[in-house]
Structures are given as C-alpha cells and as structure tokens.
Amino acid sequence: MTSKPKIFNDPIYGLLEIPNGILFKLIEHPFFQRLRRIKQLGLSDYVYPGALHTRFHHALGALHIMGKAVNVLRSKGNEISEAEEEAVKIAILLHDIGHGPFSHALENILLPMHHEDISLKIMERLNIEFDHKLDLAISIFQGKYKKQFLYQLISGQLDMDRMDYLKRDSFFTGVHEGVIGHERIIQMLDVVNDKLVLEEKAIYSIEKFLIARRLMYWQVYLHKTVLAAEQLLIRVIKTAKEVFKKDPNLPCSKTLRYFFERSTEEDFNKPNETIEHFVKLDDFDIISGIKEWVNHDDAILAFLSRSILNRKLFRIELGSKPIEDKKVEKIRKKLGLVFDNQRIMDSLIFTGVETNTPYSTTTDEIKILLKDGSVKPLSEISDYGLEDKIITKYYLCYPKNIS
Amino acid sequence: MTSKPKIFNDPIYGLLEIPNGILFKLIEHPFFQRLRRIKQLGLSDYVYPGALHTRFHHALGALHIMGKAVNVLRSKGNEISEAEEEAVKIAILLHDIGHGPFSHALENILLPMHHEDISLKIMERLNIEFDHKLDLAISIFQGKYKKQFLYQLISGQLDMDRMDYLKRDSFFTGVHEGVIGHERIIQMLDVVNDKLVLEEKAIYSIEKFLIARRLMYWQVYLHKTVLAAEQLLIRVIKTAKEVFKKDPNLPCSKTLRYFFERSTEEDFNKPNETIEHFVKLDDFDIISGIKEWVNHDDAILAFLSRSILNRKLFRIELGSKPIEDKKVEKIRKKLGLVFDNQRIMDSLIFTGVETNTPYSTTTDEIKILLKDGSVKPLSEISDYGLEDKIITKYYLCYPKNIS
Amino acid sequence: MTSKPKIFNDPIYGLLEIPNGILFKLIEHPFFQRLRRIKQLGLSDYVYPGALHTRFHHALGALHIMGKAVNVLRSKGNEISEAEEEAVKIAILLHDIGHGPFSHALENILLPMHHEDISLKIMERLNIEFDHKLDLAISIFQGKYKKQFLYQLISGQLDMDRMDYLKRDSFFTGVHEGVIGHERIIQMLDVVNDKLVLEEKAIYSIEKFLIARRLMYWQVYLHKTVLAAEQLLIRVIKTAKEVFKKDPNLPCSKTLRYFFERSTEEDFNKPNETIEHFVKLDDFDIISGIKEWVNHDDAILAFLSRSILNRKLFRIELGSKPIEDKKVEKIRKKLGLVFDNQRIMDSLIFTGVETNTPYSTTTDEIKILLKDGSVKPLSEISDYGLEDKIITKYYLCYPKNIS
Amino acid sequence: MTSKPKIFNDPIYGLLEIPNGILFKLIEHPFFQRLRRIKQLGLSDYVYPGALHTRFHHALGALHIMGKAVNVLRSKGNEISEAEEEAVKIAILLHDIGHGPFSHALENILLPMHHEDISLKIMERLNIEFDHKLDLAISIFQGKYKKQFLYQLISGQLDMDRMDYLKRDSFFTGVHEGVIGHERIIQMLDVVNDKLVLEEKAIYSIEKFLIARRLMYWQVYLHKTVLAAEQLLIRVIKTAKEVFKKDPNLPCSKTLRYFFERSTEEDFNKPNETIEHFVKLDDFDIISGIKEWVNHDDAILAFLSRSILNRKLFRIELGSKPIEDKKVEKIRKKLGLVFDNQRIMDSLIFTGVETNTPYSTTTDEIKILLKDGSVKPLSEISDYGLEDKIITKYYLCYPKNIS
C-alpha cells in the first residue's frame, strides 16, 4: 500500500488528493512553489477584485480533473497504463511552469520566448534532477508520444487546462457566464482512432463550453479596463528598461536586473543561465520595482508607475475598426499641452489590436462520436453557428482627464 | 437624481453597488488602493491556496452588508439619518485601513501600534484631505458618537466586519464549516435602548455564527501550519532587522528601510512622518525583501528566507500544556549537530502561545429581544453552553528533518 | 411605519421579503396556495430528480427580482409610482396562476384554454374579492396600461418570468449550463421611449442569457426522455377520458371528473363554473388517478398508467426529419405481435413534432442602449449569429423491448 | 469490461454514477420508484418552499457518498471485498425504503411499525425477487455481519444517511447553517478494531457536523410551524379514519382504505399482504384524500382538511415547560364560542412534546484516532461541551384568530 495522499482544499472542487510520490515532490519544488507568486489573470483583479488566484492553484486544479478524465477514459475501455497516467499528470501539472510575472500580460516582454517553450526548458531541468522520471511526461507534453489523445488532454480543444481555467476564472471573478459543466464534458470523453471524441449527448454542454469561453474572453480576458491596465504595465516595464540603460542604479531586484540587461534572443543565448534566473522571477519583482519608481526622476517612469500602483488607469477606446491617425493626433495635441516632448507622447498614447477566434473548423476541431459509431466534426452537427470568424478589436489608450 | 452607482463584482454577494460620492472617492484613494496589496489572511494561503483575498475586498464586502443592516434597522423604525448612514459606511470602509503587511501576522512587529490606532490616524489624515467630511465617521469609529448602536455595527459581537470576514474567509479557503447565514442575522437586527439586539428567532443562527467563528479560529486562523508559517515570517523580519543594524546595505525597499531603522515608540514619535511611510508598506515590501535575502551571507537570514519562500515550513507541535524545557533542550541538542552557535539556536527553535475566547459573558454580550419585548443576554437563553472559557494552545517550532 | 415584511427562504436568492399587504394576502389565498401542488417542470424530475420545484416558488422568485428591477429603473430616473410598483408586482406574482397540473405538459388537454387566459380569468375573480385592487395589475398584465415597459417586465424578451425560471430550473436540475447572470442583466435595464432597453455593456451577459435559454430548451425542457414521459402522460389522460365515457365509475377525483365530462369550448361555456373547478385541479388529481388505474380492466389504460407510475418510459427517437411512415409501420407490426387491435396500436405508438425559435429578429427584439444614446436591436450589434432560425425536431415513441 | 454506468444529475454532488447492475435494477424497481412520491421532509416545504426533495433523491445521494467512503477506507488499507462493497451500497440505497407518506410526519400513524422494520421487510421481499442477491446487504443492514464498521456506515453517528440528509436538507431549504464538510469527514474516516474512527485532524469538522445537526433540528426538523403543520396532518388522518369507521364511503384511494380498515398490530398480522399494500402508499394518497374531504359533512374533518390544504396553519406555542391545564382551559373556552362540542374541542386543541438529544456520550460515541495511534471518545478530546443533555420542548396548538 502506498502512503496516504496529500490533501489540498479547493473552494471549487472540494478536496484535492495528490498521490504522495513524484507529483507531490514536484509540487514541493521551489520552481513550482514560484507559481504561488504568479497571478493567473495578470491585472484582472483591477476589475474583478476576487481574481487573485495563481498559476499554482490552477495547476493543482488541472491535475485534479486530469485524474477524473483518466478514470472516465479507462472505464470506457481505453488503455492507459500506470506510467502513462503519472506522465500525463506530470505534464498537466507542469504545463504552465514557464509562465512569468502576471502570466500572459508580460509574456515576451522580459524574455523573448513563449511560455510553453520555457515550460519545456524547465521540465527538462527538473528531469535531470529527478533522474529522468519525466521522460514520458515530456514526450507527451511535446506531442511526440505515440498516444496522441494523451497530448490532447494537455493541449487541445478539450484539454484539462481550459476546463480548469474557465471554471476557476469564472469562480474567482464572480462572472457566472463562464460556469461550465466540466463534469459532464469529462464524463462524455472517449477515444476513437487515438483521438479524443465526445459522445453525442454532450453536444449541448460542449456548445455551452465554447460559448462560455468566448464570453469569458470579452468579459474578462480582454475586458477593456483589464486591457488598459495590462498595456500600462507593459509600458512601465519597457520604460523602466530604457531608463535602466541610462541609469544602472535604477532600484530593482537582482533578478529583474538580469532581464533588464538583456533583450534579444542573442542576449539570452545561455539557456541554463536564463532558466536559472527565470525561475526566480515573479509578480513581486515587478510590483516592488514599480513601488520604488513612483518617485523616480524620470517623469514618464514615475507617472506610469504611479498610474499602475494607484490604479489611475488610462482611458481606453475600443472598436472594430483601426484607430484613425487623426484621432491619435488630436489626443496627442491635447497631451502636448501637459507634457512636452516626443518621448513622453509615445509613452502615454498607445494603440493596439486584439483578436480572438471563437472556434476554428480547420485546425483541431472537436470530434463527436455519434450513436451509430461514426465520428463527425462538431461544426457539421451543431445547430449553433460555428464559423471560422476572427474577431478583431482595435484600441487606443491615453491618460484620463485630458481628452 | 444622483449619478449612477459604481459596480464591483464579488463572487460572494454578486454585484456591489457603491454610491458615486465620497465613498467611491475614498476607495480610489491610494491609501485605500494599498489594501489591494495586503492579504486578508497573512500566510493562510500556504494551507488554503485560494485564500489570497485582500483587505481591499473585505472592506468593500463589509460596506455592502452595512447597507443591508442600515436598511433593516430603518425598516423597523430606528432612525438613521442620511448623514449617519454615510458616516457609518465610511467608518466600516476604513476600519482596517491601518492594517500592515500580512494583516495580523506582522502586527506590532514593524510598528509598535495596534492596527485600529493606525486606522484612526489614517482616517484623520484623510479627514483633512476631504475637508472634514469624515468627522462623524471618526466619531462613530471611536465610539464617541451618541448613537452607540452605530458603533456596534463597526465593532461589536455582531459587527459587519465579522459578518463579512467569516463569510469571505470561508468562501476563499473552501472551509464550509465557516459558512454563516449572514442574511438572516442581519434581517433579525434591531435596536433597543440604543443597543443592537437580535430578534429571538435568530437564536439558532447566532449560535451557529458563534460556532462558525470558533471553528474558523482553529481550522484557519490558528491552523497549526499557518501558525508555523507566520512565526517563521516574524523570525525572518526580526532577523533581517538585526542583520540590517550591522549591514545597512541589506537589500530592501526604501519603505521597509524606514521601519528597520526604528523600533521603539520613541523612534516613531513623529506621527505624520510615520503614517506617511506606513501607507506605502505592504506585502510586496516583505516578500521582495525575502527574495533578496535567500542568498545573504548571514546563514540564519538566508535559511529562514529560503524556508518561507519555498514553503519549507518548520515542524510545529501544538498542545494544551506549556512546552517543557527538557523537550526544547532535546531539540536544541539535535539542532546543535547541524548549526553551531547560540544565535542560530534561538532563531530556529521557538515556542509560543495562542489563546482564544470563544465567547465572553462579561463584556459586550449579545442581547436577544424576546417576543414579550424584554431583552436578555444570549447566555441566559441559549441551550448551547456559552461559558467564559479561554482556550490556550502552546506550540513549539523547529526545522523539519532534525528531530 | 408599515408592519414587518414576511420572509421566505429561497435557496437561490436567500431571503425573500414580501411586503405585508395585498401581496402577502394574495399569496395566502387558496388559489395561489394551489400552485404549491403544481410542479414547474412537469415530469422533468424523471430525468433530473431535483426538479421538483413548483409554480408557487417560481412566482415568489419572480416577484423578488421584480422588486430589484423596479429599484434599478427608478435609480436611473424612470418614474414608477407606488401604485404602479404594487401593480406590476401583483401581475408577476399571478402571471402563472392559470397553470394546470404539470404546467405545460398537460396544457390544453383538460381545458381548451391557454394558461395565460386562465390566469386572466382567475385574476379577475380575485379582483372582485379584493375590491378592485387588482385593476391596475390586470391592465398591465393585458398590455393595456400606458406604460408599456411595465408590461415588458411581465412578458417580453427580458421579463422577470424568464429571468427567474432559467435561474431556478438550472438550480434545481443541476444543469449548470443554464446559469445566468440575472443580477447583471437587471442592473443594466433602462427605459427609452417607454421600451425596456439594456445598456451596451450588458451585451455579453444578454448573449449568454439567450444561449442559456436555448440550451435549457434542448437539455431540459425538450429533453428527449422528458418528452417521452410527458407524451405518455398525455396519452394516459386522453385514454382515461375515453374510458370514462364508457365507464363513469372510473375512479378519479371529483374535480378531475368535472373535466372528464367536458371537452369542447362549448362544454366550458360557463366561465365562472369552469374557473371554480379549475382552481381545485392540480398534480395530485392526475397522479392519484393514475395510481387507481394501474389495475384497470382497460388494458391500455392500465399499461400506460403503470408505465408512467413506475417510470417504464417509452423509447423515443428524435430527429430533424419527419418520421417515415414505413418506420412507423415496422414498429406497428412488431407491436402487433404483442397487442392485438387498432386502438391499442394508436395508444402505444405516437409521433409528434417540437419546434423552438432561439431568437426572433422580427418580433419584440431586445434593444440595446449604446453609449452615444442611440438604441439598436441586439441583432445589429452582436457578433453572435442571431438569425431567425426555427429548429424543428420530430419524434417517434413506442414501448421499449419491442423494436 | 462492464457496461457503462448510469448517470443521474444531482444539484448537490454533480453527476452521480450508478453501476449498471443490481443497484440500477433496484433503482428501477417500482418499490424504489415509489420513493419519488415521498417527500424527505414531510410538510417542511410549508416553511421552506424549496424543500420538496424526496426519499428517492436522498437514497441516491447516500449511495453516492457511500462509494466515496468505501474508496477512502480501502486506500487506508482496510479490506472491503467487491461483494461487501455492493452489499453495503445496496443496504444504504434501501435503508429508507420503508418510509411511508410524508416520511417521519406520519410514521406509526397508518401502520404501527417503525420505518426501519418496514425497510427490512421490503428488502426481504426484494431478496426473493432478486434470487438472494441481497443476503449480505440484509445481514449488514441488521448489524449481524461480522464487519461491524460496514453497519456503522449505514447506521451510526457517522453514517452516510446523516451525511447526505444534512447536506441535502440544508441545500433545498436554503438554511446555510446546516452545511457540513462531508467531503472532509469522509476523507478522515478509518477503521480501528472493526469500528469506524475519525482521524484527529477532523475534530473541528466533526464538531461542526454535530452542531449543524443540532441546529437543523430546531431550525428545520422541529421548526415550530413545521411542527404545527405536521400535527395538523396527523389530526386530519386520525379524524378521517374515525369518520371512515362510520362512513365507509368516505372518498379515499383503495390503498388508503386498506390502512383505514386496520389499526392494531393484530389487524396487520399478514406481513406479506401488509407490505403488498404499503408499497403502494405515498404522499399522493394522503393529499388527494384531503382534497376530497374539504367539503365533507363532518365539520371537523372538513375544517382540518381545509386548514392543511390551504395552509391555514394553527397557532403554536412552544416552551421548555409543560403546558399548564389552565392555559388549555382558557383556549378551550374561547373555542367553545365557535365550535360546540367535546369532540370538536379535542380535535382542534392539542398539546405534545418533542425531545432532542444533541449528543450522547453513552451510546455509540464518535471515536477519534489520535496521532499516537490511540482511540478516544470525542467527548474526552473536544473543547466543545458534549454533554448528555436532552432538550425537551412542549407545545400547544389551536386554530388562529381565536385566542
């Protein structure tokens, strides 16, 4: 008999049981504990004050429902060995370990790498430390393992990542619109020809899941005020980095300094060293930096830092058409009355674009297992219009009380 | 018609409406925004990963239910003027504004003052900024205003502070034991002879409330692992301060430095200056300091910092009797094999005591309004044993893997 | 000061406060108490065992949120007098008082009248009893009152009826897909040119609301097993009525007897008498009848009664095309091996059709109040495809273990 | 591989999976389906309108958490064979199958037998029908099986029956006070010396559980208005039975007639026949009877029937001392002005007593497994006063508008 599982409390699923083996050891590792200091939703708590949950909690939740999915698939006769179960659980536990401060909000800003690539690097580091016990997990994570459906549980239209984050983000924001019936969807999972499929009677649940995802995008992930806050955050960091180049005494943590000193992929050409520093970086480096900069001599840095710290967010205008130059020029003129040079202008007015593809019928479409045993793509069956529409929103941000 | 209220999402109560006047202006003030960076439950998230909610959210919640309480009391014929309503709402909104980093966990450690006294000082500061519009709120907060029941709504056995924190802490920890029927209790509030009373039929709800409070104490607020984590945190800060005395270059934020340089009430004899710095201090100063100290030359500081950062918590033994000296001596001996001097010993082994009085029949007892119109103390009516019992727990902490 | 409100517990909204006046008197009236004996969702509890909630509870819930809506509209400067408030509340409280046994499931079967017409008749009866205090409520209910937006709160795309039933049905069935953010939608209501509109920022919530409604249709209201159960129920009643014509001693309640003796509108040409009997009819008349019929000499009646009572539901086949005659013929042949005459055939095999229009852009479309003050129909603004699609499903039912 | 489990939706636990074997067959059996027509909480919905849940749903819920308990116990090394698992699940599924109309409210009134004895009789009937596959289940249910801890899971301080009903009753009434942390308690179960024990760290959860149970008693199960309603129900039935003796044409269902014709144990001396009729009796026989009696010639029967049907409940006075005769006499005098004979008096005024023992330290006390491996009774460890106190409440009921 193995030793007793470890228990975590989760307001969402109740008690989470973690087998007391390598999974628990990975959770205890400082690399994973770092996720306690990285908020899942960046600055969304500036709009939804409850949204302070972390990548740590999300990873535990995704691990929990992965256990459910494995049980369901096995009960339907799909073979998953003990080793595969452990591996797919390790892979989901660590899938986000490469996230940096404020998750997506600052992705690519401090280190020119996608978080999944960093996750892989960190997993490889851990693999060495754990005597290659992560070999299979890494293979699954990379989509190289022969059983593709295991990879789809990690990364796909129906992966446990999404299943948990929609549920969790909905819970902590209090946005009921995002509530999904994850239990029912998982219950309806099956595998045909090494691909995840959903039993036909899950069709309404899965439509609802797609809709919830889409609505969470506009109501939370791309909420205009959140967007304004996160764009501001990016400007603070970029500005601080510029200032740092001229003033190496700019107060900041040792770790942040390392990333301020480097920019290009070239600069980060020692992967081990990069990872060594990256695993020390979290939300606290950013906020504690900002707290020091609010009175800095550089007026822009100070202004931006105070704006973010005290939640004096910029005005944001959002629309479905590109922002016209003359509109920007008009704002620029008014700003010119307050601030007096080009660099200031560029730091305080910014435009950008966000896109979202609610559903794609061309890549990785959800497959439905009909009662007659055939498998069809969801878009052929659903009454609900699942077209390949890309939704694009353009935005313009600038300080309040000026326009 | 007044302008539209401001809306906040709360996963607990749903939408919170804030009148768009002085209350909203106070919320937008940097002093109040600071509460976004102070967790309600210190390090409890080391046991309950969802417990990341802040004093900011708690204050908004308490404000919300204060509105309910005012409505209920008025509907029963108790006069509360518009001005009194606004004042009691300001008072509850700001009641915790004097909390420092990690709330209770570090209270009195960096500044030898109780958080309520600091709240008062900050309210007085704000009062000047807001042209004495907080006069009445401050009078109520201090218990000096003629209508005592307004004070009891802020601070008393049935205040809106407790009502919200029990609900909120229960929600975010996922400890269902703490769920209280706040709606029903508030519905049953009334005032007799200027004192808050509860209608008789709320008696079971209020018993439940007392029990929930008691259980939340042992299961969350004084959970042994939380206790171990918070004692460790205190040691880190105390050790850092000692090290700082010898090494003024110890990396830390400007604000933390201010508090490291001072200790006694004497040192803090310029109230305005103290408050000026205090309102800049939050959880981030502490954690970012700890992150810098993990590799410090001082072995103790580094050891403690790593312990807290990576959640390598100390073992804790908890009992109802004082820890015996020989027990401590035994541990000390074993530790002596690993570390080699007195100072190290004292930093790594520590004992302490926590007490909790579930209910007191002598001070501020809950009053019940019987159907015949008479008012009696709860303890005379309740079947549930409400005695004046003080519960005391003694603890001993030391590093793991040593005993 | 008015007397204290009456309180009802609701697991959904918490405490419901009912003003202690005519509203409470109406609730206490036997006509309204009858709704305690009429399940909201007919036989849906055969699929969702928790779905036992009644029209009584739904009406109280709708009344509760009507209060919220009135407050929101007033706070935005729309005038609603005390008398109008009471009237619109009476109207929503009584909007479903004309429902008969099993709500929609048996509508038109025992009495050839739509439930809203019966509601009106009963309201008129009550109006006499209450000295014409329902005049305004009836006028609003009929859409005759000058302020059209009050009527829309009772019956329209955004009425409080739907708002409550989606929430309530979702809660008691446990189908999370139906959860709607009713609070947010109500918060965003306003009136422009005497029409209800929604503020622009509610757009995602309202899309979600439409989707939830659509999914609840297919997952609950038109769930195939529920459909099979309710079609069976209809057959039992129709068969019992036929048998009754030949055998007036068929055991049944006095009230049911009255409706078995009459069929056409002609038969029901004494409205007062009809209502007199209708207000005594509820789920219990039906089920207690069925319980007596399980051993009746008429084989069909007994078979159908046992089927429904013991939940031996018929097989149902559901598709988007009309059932082919040859398919029915095939089943009929097999059944012929078991039962032996035409009448039996017709009672045990039945086909039908259900349609649902998720959204209509032609009648009563939801109006959105844009930030620039203009009002546009939702379909012009939403990214979500809101076309005028009618969804039609054809079904075939027959006993199990035969095909 | 076994066939796919059957799924039920439960708003409390989510999806309930029922293995597709004997358990599902038992659920489909008419004897079990009857539980759909027996409300769990008698007439509590007259106070808590949501409390319409049935014994059917409760039994499924208890079955669900029994599965959890079996898994936990096994994971701690306690051997439970497949056969034992199935048997203990059958036993919990059927533990309440002997409940009659309105559960406890009418227990012993129509049939002089305790519901557990009837459950046993029905299980024995089913055992024959299922070829003795219930042998082990019956042995466990009776406490005769060698593994006593299995019996304790069915009936004991920590059984799955209580665990589910507290949760369920709290959910459907909306009384948050009854919420228990069932997950945590189950997680902490273990077996020592063939007795269920709880790990020490569950101590606060179990205290909370006891308190929740106690409060649910006073707030729901023995709520004074519920008590008044149920006493009224008892009077209706007793009166109807008396009237029936004189007038055998009293309208009532065939099944109810059977029980009206019999009273003593003697009368019910054919167990098989008794059970045959009992399994046809449910809430519908009672309410449909009452509906017929509201206009009966017997004034008392009609008065009581109308009172219950239209929820014109009697006034109830509740106290901790026996009702004084002179009090009753006073009421009787006033009633005498309205009604005119002795029989009427006795039917409209009634006194009674209810007792509740929150916890007993003498029988079947909860056992705690301490960290040192020893086992102690809860009362020795808990700080919370767990004395052997019997709480007694006396009541007096009589029609309203008379005193």
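Every chain is named by a letter (A, B, C and D) in the order it is written, and numbering of its residues begins at 1.
What we mean here is this: a residue touches a chain if its C-beta (ideal position, glycine included) is under 8 Å from a C-beta of that chain, and two chains touch if they have at least 3 such contacts.
Here the structure is a predicted model, which means the values were calculated and not measured.
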> Given the two chain pairs A-B and A-C, which is bridged by the higher number of C-beta pairs in contact?
Replying inline: A-B
> Which chain's mean C-alpha position is the greatest distance from chain A's?
Replying inline: D
> How many angstrom between the C-alpha centroids of chain D and chain A?
Replying inline: 49
> At what distance in angstrom does the C-alpha mean of chain B lie from that of chain A?
Replying inline: 32
> At what distance in angstrom does the C-alpha mean of chain C lie from that of chain A?
Replying inline: 43
>> Can you list every residue of chain D that touches 2 or more other chains, as numbers and ranges?
In response: 14, 175
>> Considering only the defined contacts, which chain D positions touch chain C in the complex?
In response: 8-12, 14, 28, 30, 33, 36-37, 45, 47-50, 52-54, 56-57, 60, 171-175, 251, 253-255, 280, 284-285, 287-288, 291-292, 309-311
>> Considering only the defined contacts, which chain B positions touch chain C in the complex?
In response: 1, 4-5, 7, 14-15, 75-77, 183-184, 187
>> Using the touch definition from the top, list the residues of chain B that touch chain D in their complex.
In response: 175-177, 179-181, 204-205, 207-208, 211-212, 214-215, 218-219, 383-385, 387, 389, 391
